[in-house]
Amino acid sequence: MEELISVKRVSKIFEDSGVNTGGSVEAVGKVDFQVRRGEFVSLLGPSGCGKSTLLDIVAGLEPPTSGEVLIAGQTVKGPHPKTAMVFQSMSVFPWRTALENVEFGIELKGMEKKARRERARQVTQLVGLAGFEDKYPSQLSGGMNQRLAIARALALDPEILLMDEPFGALDEQTRFLMGLELLRIWEETRKTILFVTHSIAEAIQLSDRVLVMSARPSVIREEIPILLPRPRTIETLTTEIATQIERRIWDILKVEAAKGMTPDGR
Amino acid sequence: MSGNAFRRLRGDWLVRTLQFFLLLLAFLLFMGISRVFPFFPPPYRVLSAAGELISGGEINQHLLVTLYETLTGFLIAIILGIWIGLLLGVSRTLALIFEPIILSGYAIPKIIFLPLLMMIFGVGLNSKIANAALHAVFPVILNTLVGIREVNGIFLKVARSMNATRVQTFAKVYFPSMVPPVFAGMRIGLGFCFLGSLLAELFEAKMGLGFLVAHFYNLGQIAKMLAVILLVFLLTMMINAGMKAIENRLSRWRATWKS
Amino acid sequence: MAVSERIKVKAGQAAALLLFLGVLEWLVRKRFVSVLVLSPPSAVAMKMLEDLQGRELWTSLQVTAMEFLLAALISFVVGSFFGIVFFRFRIIRSALEPLLLAFYSAPTILLYPVFLTLFGLGSPAVVSMAVVLGSIPIMVNVSVGLAGVEPIFVKLGRSLNAGPWLMFRKVMLPAATPTIFTGLRLGFTYALVAVIAVEFITFSGGLGKLVSWRYFLFDTEGLFSAIAFIILIASLMNRLLQRTEDRIRKRWT
Amino acid sequence: MKKCWIFLTALVGLLTLSVPPPASAQLRTVKIALTSQENMDNLPYFVGMKAGFFKEVGINLEPSYFRGGGDVVRGVTTSATDLAGSAAPSAVFIAASKGEKIKVISSNVGQLLIVWVVKANSPYKSIKDLKGKKVGFSSPGSVTHTTIQAILKTEGMEKDVEIVRAGTPGENWTAVSNGVIDAGWHVSPAVYNLVSKGEARILITASNYIKDYTQSSVAAMEEVIEKNPDMIRNLLKARAKAIKFISENPDKTMSIWAEELKLPIEIIRLAYKDLPKGVYETASPKPESLLGAMREAIGAGGMKEPLDLKKVTDFRFLP
């Protein structure tokens, strides 16, 4: 499987031109990692460790201060056509119906209306929202709206899905079910997924490999393969090996999370 | 009927009866005043005068003149207001400098500019239109500004992550989310437009509802004067209700979004 | 905002004002606009100085100030009274609110002949109309402020079994102060606008009358000078109220 | 900022064009500013229009009525009308003192006929009873304003009486009847209506105090005079004919007047009988009456020092 994303010595320093703090904030230290095609990799780290910034850099929304990101061998200058992003907070447009929201991306690309509608209907079914096409986001639950955000990304038929804590705002149970749903979609569509989260359980449940990140300025502390059989079910996730992996990740994160507790650390 | 539905119904019923009694009280108060002040006609004379004015058609051309002034002023206020609002929304420095000035616009009695407008635009209709536009432009500017600032940052990030062009970003993200606040500004603006043209007519005019109020007062026909004032109040309520209905329809998604 | 930015804003505003006045001066000097329509700012400035020394401005200012203070006081009393009544008796509020809001958006100034007859020409009519317009925002904000007090505070008060009067003075009032003060700011601002507007329409004395009087006397410079003074006074009062409100809000929230 | 100025000037242009003036076929439309309709000063124009004298000289006269002498002059200076038919000389001089190029081109009513009335049943028997009371006039700088101040000065009462701007005669009477003011100015013929119905009583007659006074004049902007001298000459000629018609055919005049003001004929007959001989003039006002008007205008605070009469009058077009 050839390398699809490779991040080379990327770092990010925010020249804080704001008046209050002054001085610069080093969000991302030196980060190197690769993601192969079809792989599900997650970036796990304490809150405020710059993992979202790193994802923005990979997505081309933020320029790195040093180092570079290659997608399919090309250096990333801006949002790359082969990638699509899913955000944490409610990012679906409230004034558009579910179907219109899914169409947003391909509408921008200028796809002809009939084909666009057909594609959107297909993807809406894929994420399990058949029958809700004409509802407004305000009439759907948080989980369903996140499915819409995923469908909107999938409609672009990207090779890579960059997901920034998409289920962060959901409760524990819904989050687990959405995780299973995402895995089903992932197996069906064979996309490459780079998934940012601060929940150890979620990282283990979903990914092939977990990149554990340090506190700010973040570096990759350790790369932990999740050698659990697929498809992941309650049983596979409660085996002895799973809890061992969890304990190992927790040992690393315990130190990092503590750093984030001091008052100035955001 | 569930508990609170019943309570709500009982509440409404009570409110309705209270409103009825208050109206009756007002009616009696009006009768009392008309006894104390011979100058004041009793309410039923005012209502019959109103009926006469409408059926006789005496009020029609004046109504048309005021509506013409209000709507033209409204059009100018919208164009100017949204344009300035966008200008301030886009450039932070302009906003920092001019927003406080516009905010203090609310505290200044704008009628004092009427003589200036009459000197520039003459004593004809144009000075009334200008006065209407001057009164209405402030809410339009401020609400447009609010509209731009309220656009959710995440939506812009989504658009950017999908390589939306500037035009696409404006048409598909800025515009839809600005419609409700800008329209609210227009509704308030229209009310001010109406006020602006009436005040200008009150001061110096040949035609219009404001002129009619002053004219009937001059002729001592107080019943007709109060009738015109009553019709103006009803007209304002109708305009406001109409605009509110359109506004709710326009932001149908917003109403559900908030609940 | 940091101090440096605030100075920059002030400088920007001063520059914008000077530019505007400069353009006006240029327009009039170059005969693009007749001197009878737009007096050059320099002439207006001189007239303003002359007014400051003269008696006419000060007597007018005295009349307007007296009318405004009276209207503000009565609006405060009337507004707070009805505000509390609205809060205590929810029925009355829902019955009267539609009427009040309609009254608020409608051109109440049109009723000036009615007020002229009931209260006579001059200050009584001006003050009464200003009270009508000034008391409504106070009424609404007092009732909204009291209703909006955090339930936790109310529970806390009740848990310390405070009597209704103590509860009102020690818990409800302090908690509702920011909203109530907004009501006062709006009420006083609209009262001042009403005072000057009614003076202008009914020619009954004060700064408003000064403007319309000078218009009729073809005294263009005097007209602009009166307008300038009104703008100064109104925006000064508005900024003062705004600053106090911001300080209250900062301490409260 | 530059873009904003271009936009604004274009906008103002658009606005002024939005109300085009109506054009009539062969007759030249002349918009004339007159004082409030019920004022006797306007009679020559009613007669001229109804009897067709203006049409004879190719003028389609279009009157617009203003509330006071001052407003009439402003109607001319803001070029909303072509000239003023019944303008208060004091207002003309005040405007001229502020730089307006407006000139008196003929007298209209050479004598002072305004009066102040009180409610018939009111306790006031003479002007002295008005101490501490409120007296109405039309608008600042007008005849009523300057005259009432002169009268109060001769009676030494200018400190004890509050003079109040109350607009047209109708407005003044409404204000008197609802107690807003105690005495209001009025003028023939409408005043006879109130007096004959026993509602009002005349308390002050201005002509008892001020002899030489041009109550209203014909005035126009210098620019308008230079551009169309024939129109001015024809208008004054037609006006002179109307004045001759007024004195020679009383019955027709009275019927025109009654129909125009919708007042009963008996009231109009009373008013017509009471009109002094030669009250309407097409002549240059007597210099001392113009100077009188100027003196009152200064007294009313409308202007600082007197103007040279030659600069504010132009009698070249009198027939």
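By letter and in written order, the chains are A, B, C and D; residue numbering begins at 1 in each of them.
In the analysis below, contacts are C-beta pairs under 8 Å (C-beta built on N, C-alpha and C of every residue); 3 or more make two chains touch, one makes a residue touch a chain.
Remember, predicted model here, so these are calculated numbers, not experimental data.
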Farthest chain (mean CA position) relative to subunit A: D
Nearest-to-centre chain - CA centroid comparison: B
Contact pairs, highest-scoring chain pair: B-C
Whole-Å gap between the CA centroids of subunit B and subunit D: 38
Centre-of-Cα separation between subunit D and subunit A, whole angstrom: 83
Centroid distance [mean C-alpha coordinates] between subunit C and subunit A, Å: 53
Chain centre separation (subunit C, subunit D; CA means) in Å: 39
Subunit D: positions in contact with at least two other chains: 71, 74, 178-179
Sequence positions of subunit A contacting 2 or more other chains: none
Multi-chain contact residues (two or more partners), subunit B: 37, 39, 118-120, 217
Complex interface listing, subunit A residues touching subunit B: 59, 61, 78-79, 81, 84-85, 87, 89-91, 93-96, 104-105, 107-108, 136-139, 156
Subunit C contact footprint on subunit D (complex, rising order): 1, 5, 68, 70-71, 73-74, 77, 94-95, 97-100, 134, 139-141, 164-165, 175, 178-181, 301-302
Subunit B residues touching subunit C - in the complex, by the definition given at the top: 11, 14-15, 18-19, 22, 33, 37, 39-40, 93, 96-98, 100-101, 104, 106-109, 111-116, 118-120, 191, 194-195, 198-199, 202-203, 210, 213, 217, 222, 225-226, 229, 232-233, 236-237, 240
Subunit B to subunit A touching residues, read off their complex: 154-155, 157-164, 168, 172-173, 176-177, 252-254, 256-259
Complex contacts: residues of subunit D adjacent to subunit B: 7, 11-12, 15-16, 18-19, 64-65, 67, 71, 74-75, 78-80, 167-168, 170-171, 173-174, 177-179
